[in-house]
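Letters A, B, C, D, E and F mark the chains in the order given here, with residues in each chain numbered from 1 onward.
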């Protein structure tokens, strides 16, 4: 290109970090829509504003979810993106792929779409970025052919996700991928056919490091944990001591100050440990979680719309997490039920709990109040006395 | 044809490399060999090497095929992506590690993102695909990562530093809990198109969508009235109603938030907090935003103790001191006035000058 | 905005096939939209039950009902609604019933 | 007669003993000689001894005169009271200290309340004079102080422990920021007397008074309707309207709150938090309440580190551990459900079993 | 009394702590109303309920405040307390008295009231506990005679109070009693004639120990503080070291960890000190506050009615506090003005600030936003952009 | 409840002298209350201005006005109101104007 049509974007081809502009150009070689997208994006860079119309509601037959409709607001200029819907394709648990599967997805997308993708969307789906209305159904049919189903969107359960867990991590307190598969399969209907007051998300991390950020962005957060004593291999501790300062890096940073180190042995007062993972993270060879493992269930996190962002909070301090996960599935069902019955339009679970009170939620899902559910007790004297006097 | 539905995603078990299948759930420990290279050792003694490669996330199918090429050459045809959208090549034979690295270097694909590095910036659609952005996503991310590139492939930082970007207040992703969050914000009230509001919008839902109660019905016009003094441009009404766009070339821009985290380590999960209410949209490289992020990273790197994350450091020294050290002017917007504001006020006479 | 040829007049619809002016809606138009936009040749009594329910609800409250309410009030299971309107209650039934295009999170 | 008004209280300068006038603003340091006895040393070298004496606060004029007798005998006719309603005898001559103490001992007036002791319980009117109490004030205070008496005149505790009592949710005093707070609570909804509401109450104000929005107007009856499910018996409507009494012999009782503080030392000011939602009114000695308070004091005394106040100790060990150590059963009321509730939830997976 | 009429109360005459029942009986010897009070209280102990009617609104001429009306709900049984109003009498600053003044108050009260008092009320007033309507004016007239004025009540400024301060405390960073006198005199009108949306309180502590709990229960809290370096007398430090463990008791408990102690000298990094007072409290001979002194002004604390209890929060990090205190008085006036203009009925200052935003308050009283005003920045993205773009 | 002898009938008032049934209020009663309860022999036009203002405000809004409003709307300074009604706007003027007894914090 002698005189580039995208001088601003071209600048972003430079620099060491992988350039999305390069990928767009790569796709643009084959695909008119990708070419149009490049042009419209350049236009946005010039105008300092996006060029998509509001909303768009399209889909495939039998599903209410999985496709995000999108139309250009300057279709005359960029007819290639007049329609430019994305498809959310449910990823395999843990984002593991055979290249065969990946190539199959690429082939389908070259056939039906822009040739542009996101690996992955923030919720975890494969995002197939941009196709036209008439291609949606055929594309889905072809995806089905190669074994890929759509993910969630709209007022539905969203595509759940899980950390890599036991597939490659020694800290997995339960099988996050297996649980994810069970959850995904159990709630296919709730994912594909929006029926709730709003979106609802489940994310699964197999230990408190929370590598899928479940505590920050899942209405139901599952976080692996353990009971009992951290297993200490004192020989390995001594080995660690050669390369790090156990006192300042580990012991002093323990939030509960339940560790001590005398230069020879490391001691943990496990009763006071809150399982933050800090020490284990720093000494993976020397320390291992206790053998009794399971998960803490927390609920309610979300982004700020409408009442402000929330973190999830503990409702089940410890749940065994073994297949077939009936206890967890039952909890999810009860939670859906309560939220669906009581939630207002566009009210997330956390907001509902804040509006009606944690106590009501606990009662509805059959949990009894425990001190582990709170950081600290209430400071206001405005409490009910429901049991009668 | 009766379309097949509800069959779900491919079973992950079909996607796992043999070494993982064999040692599934039986990993013993891991080592961080060098930036971007992890070694996981199983109870069986098997060793799995993971090479993490930075990704722009927005990939062409050809690029994906290229990833497949590499995976087929070195990893038996298996590859994975991370929760922060990096690519992970899983190598079961040690001898393949160096050749793979060499191959990746040749391609110019960055290796890193593990341990105390700056890993990929989780981000969103921006002008690429969304209808409510106040700024772009991919463009800023590219500009910032170019500038912070050295931190991706090295371990020069005191601790984890997770950067995220969302292009509007909907905050897709977890910017609300990131060490540094780049967040698109609007600064203009919705421009009302009453005709559209009348015909296309569910007025009660539009009213309920406003966090500050700025919208009230205008039954005479079958439309709504916005109390401009109460509107803080969240754009939530626009989400509900095409007749109320908030995007504006001058009004839109970027805000910077710091100190959030997700992991339960030490201090536990925390929200990111506003430190710079507005920086302009200056494509293609958003120099003000890039400079602000870099400054914060480096101020933290210089002052924090080992393993201390952004928020932990700031909470230790106090926010008043952070503004001073970082050379960031204090702005009125930083003082909260939403529903939990009183929790953020300084309810003690103990503070630093 | 695209236009549909409806009985010789040009009917304005949006990109998704929702009629631009809900005030124009009537039964006949419903049939027309069902056929042209949703590929539904025959509107059965159950289709109509849902259509009338939606249009009345919208008239009464200014919003589309939540799905749970639709199912409760019509007695239809959600799966059955997808059988009636394969693109679902929002994209399908609301469109045919002349409601404004559902917005909010997608 | 034209009444003289707005002349204000007596000038304090006329009330100060000469030693204070002389050394006003020029004190150099103080010593805690022994429980109840403070020694302040001025730049001038002058020494002022203060003997603090516990008081029931509810004093007869004859009792006040007796205090005057003592002050005249030993303190040149000067005396002061403290912000916690104790009496302070200010002695400018060291030789008077022991005789004064002997005199006080003879009268049975308790000396103490300084340093790491339990000083007077700040309290309110209760059944003595108020119209909204859920419990008595003076009665409980007497019963508790009798039981904690040894802690008043000794330094057996790890740190400050401030106990307060308020007889209803209005919380006169600073029970909301006390190490241990004894708070009267009601548990029954207002009993509506519509005739009174109609003739004597400003309905809009009554409605606005309800923290939970439980009251709505009933225009037909010119009265109000209370949504009983939403009422948490705060009694604020009764404050506004005599037609809505909440007091009830069985419903009224006591709740216990812990961990608040006021001073800016170390951790800074903090609210007291609910640990026992209800104990019955059992005059004359409220044994359940006395036992609960004593238990909390002693559990804290046993486990806390030196200088660590109740709330500092609990925040260090965690509230879940506090309930266990103190042997206090957890109750559903302890989980907040008012406006800032989300700030009290456990938003981390890190906690103790 | 062979067969006591107050068996329950009698029990409270026992035990080591001073007994209010004894005082009541003492007064009852002279005063019918005190006798009736004793009887009615016993009745309350039997019935488990108070026996006062709702409200009561009485006063003295020219004032709207200072008297709390009270009527028995069983006057037939206890005619002595049919009327039983309390008078709130403004105490001298610091609660210092000559016995002459105290005796004069007692004499007035024996003449007009029950002979029962509170030294003092929770706000700080002398509470004269119980008289009848016809005695109010004469009692006030007699109080005026001996130089005692009434305190605040109702929707007025309430009797302000201050810690003992420079009168007996080496830590006073300004003259709390003098400031209190100025405030009390300046706002006589606002105290005696309710004119505000609700009550408003000012409390003054001359250092961060806050011995009048101003941060917890004053709409305007004044707390002494300093700038610059804590003065260290190393000789005295060494003396302290003999009786205490400076490392564990002082240095380790410093919240900002800005102290160090090497067994010989104590060092403070004053720039990092937040002036919490802990170290000074523990070593009063060795450590003294810096010489530049003044006060931090905080606003908004209150008890829970209606929206929950609040602590005061910083609005002026540092103000010089020297007579005639014009800057402070001006601040109070502006604060009254803003609150009076914008406050709803029964809305305390803190609640108003929470409702309309701290920013608006700061603007109204002419203060600029500073990081010292907040514990931490906002976490929600809902902010205004008022300066225009 | 005490009673006052008002023109031969027994007028019920509460302990503080507020009439039990505000519906009975009229100008004549106002004069009577002013004299017997508040020691005010002559009600001047300014007294009446305040009385009418209060009674109208109460009728309109169901509450007594806040003092700031009283002063603003009547143009009277608070001190002057205390001259008119020495026991003040709440205890004095509201009583004479037949409003219910002010409640809330005292």
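Just so we're on the same page, a contact is a pair of C-beta atoms (placed from the backbone, for glycine too) under 8 Å apart; a residue touches a chain by one contact, two chains touch by 3 or more.
All values derive from a computational prediction rather than experimental measurement.
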Minimum number of chain-to-chain touching steps separating chain C from chain F: 3
Counting one step per pair of touching chains, how far is chain D from chain A at the shortest? 1
A correct list of chains touching both chain B and chain E reads A, D
Type of chain A:chain E copy interface by residue overlap (half), same or different: same
What is the chain whose Cα centroid lies farthest from the Cα centroid of chain D? C
Between the pairs A-B and B-C, the one where more C-beta pairs touch: A-B
Which whole number of Å gives the spacing of the CA centres of chain E and chain F? 33
Where chain D and chain F are represented by their mean Cα positions, the distance between them in whole Å: 38
Approximate Å spacing (C-alpha centroids) for the pair chain A, chain F: 66
Can you give the whole-Å distance between the Cα centres of chain D and chain E? 12
Going by the touch rule set out above, which residues of chain B reach two or more other chains? 169, 171, 176, 205, 211, 234, 239, 242, 250, 264, 268-269, 271, 338-340, 342-343, 347-350
I need the residues of chain C touching at least two other chains; which ones are they? 63, 101, 103-105
Scan chain E for residues touching two or more other chains and write them down. 53-55, 60-63, 68, 189, 208, 210, 215, 223, 255, 275-276, 304, 308-309, 311, 345-346, 379-382
Can you give me every chain pair that touches, using the contact definition above? A-B, A-C, A-D, A-E, B-C, B-D, B-E, D-E, D-F, E-F
Seen from chain E, its contact residues with chain D in the complex are 8-9, 11-12, 14-21, 23-24, 26-27, 34, 37, 41, 44-45, 47-55, 60-63, 68, 70, 84, 86, 89-103, 105-107, 109-110, 115-120, 122, 124, 129-130, 137, 140-141, 144, 147-149, 161, 163-164, 166-170, 172, 175, 177, 180-181, 184-185, 188-189, 192, 208-213, 215-217, 223, 248-249, 253-255, 275-278, 281-282, 284-285, 303-309, 311, 344-346
Contact residues on chain B for chain E in the complex? 169, 171, 176, 183, 185, 187-188, 211-212, 232-234, 250-251, 255, 259, 271-275, 277-278, 315, 317-324, 330-338, 340-353
Please output the residues of chain B touching chain C within their complex, sorted ascending. 199-205, 239-242
Which bits of chain A are touching chain E when the two form their complex? 304, 308-309, 379-382
The answer for chain D against chain E in the complex is residues 1, 3-12, 14-16, 20, 24-31, 40, 48, 50, 54-65, 67-68, 71-72, 77-83, 85, 87, 90, 108-110, 122-124, 126-133, 136, 138-139, 142-143, 145-146, 149, 152, 169-174, 176-177, 205, 208-211, 234, 236, 238-239, 242, 245, 247-250, 252, 260, 262-269, 271, 281, 283-285, 306-307, 338-340
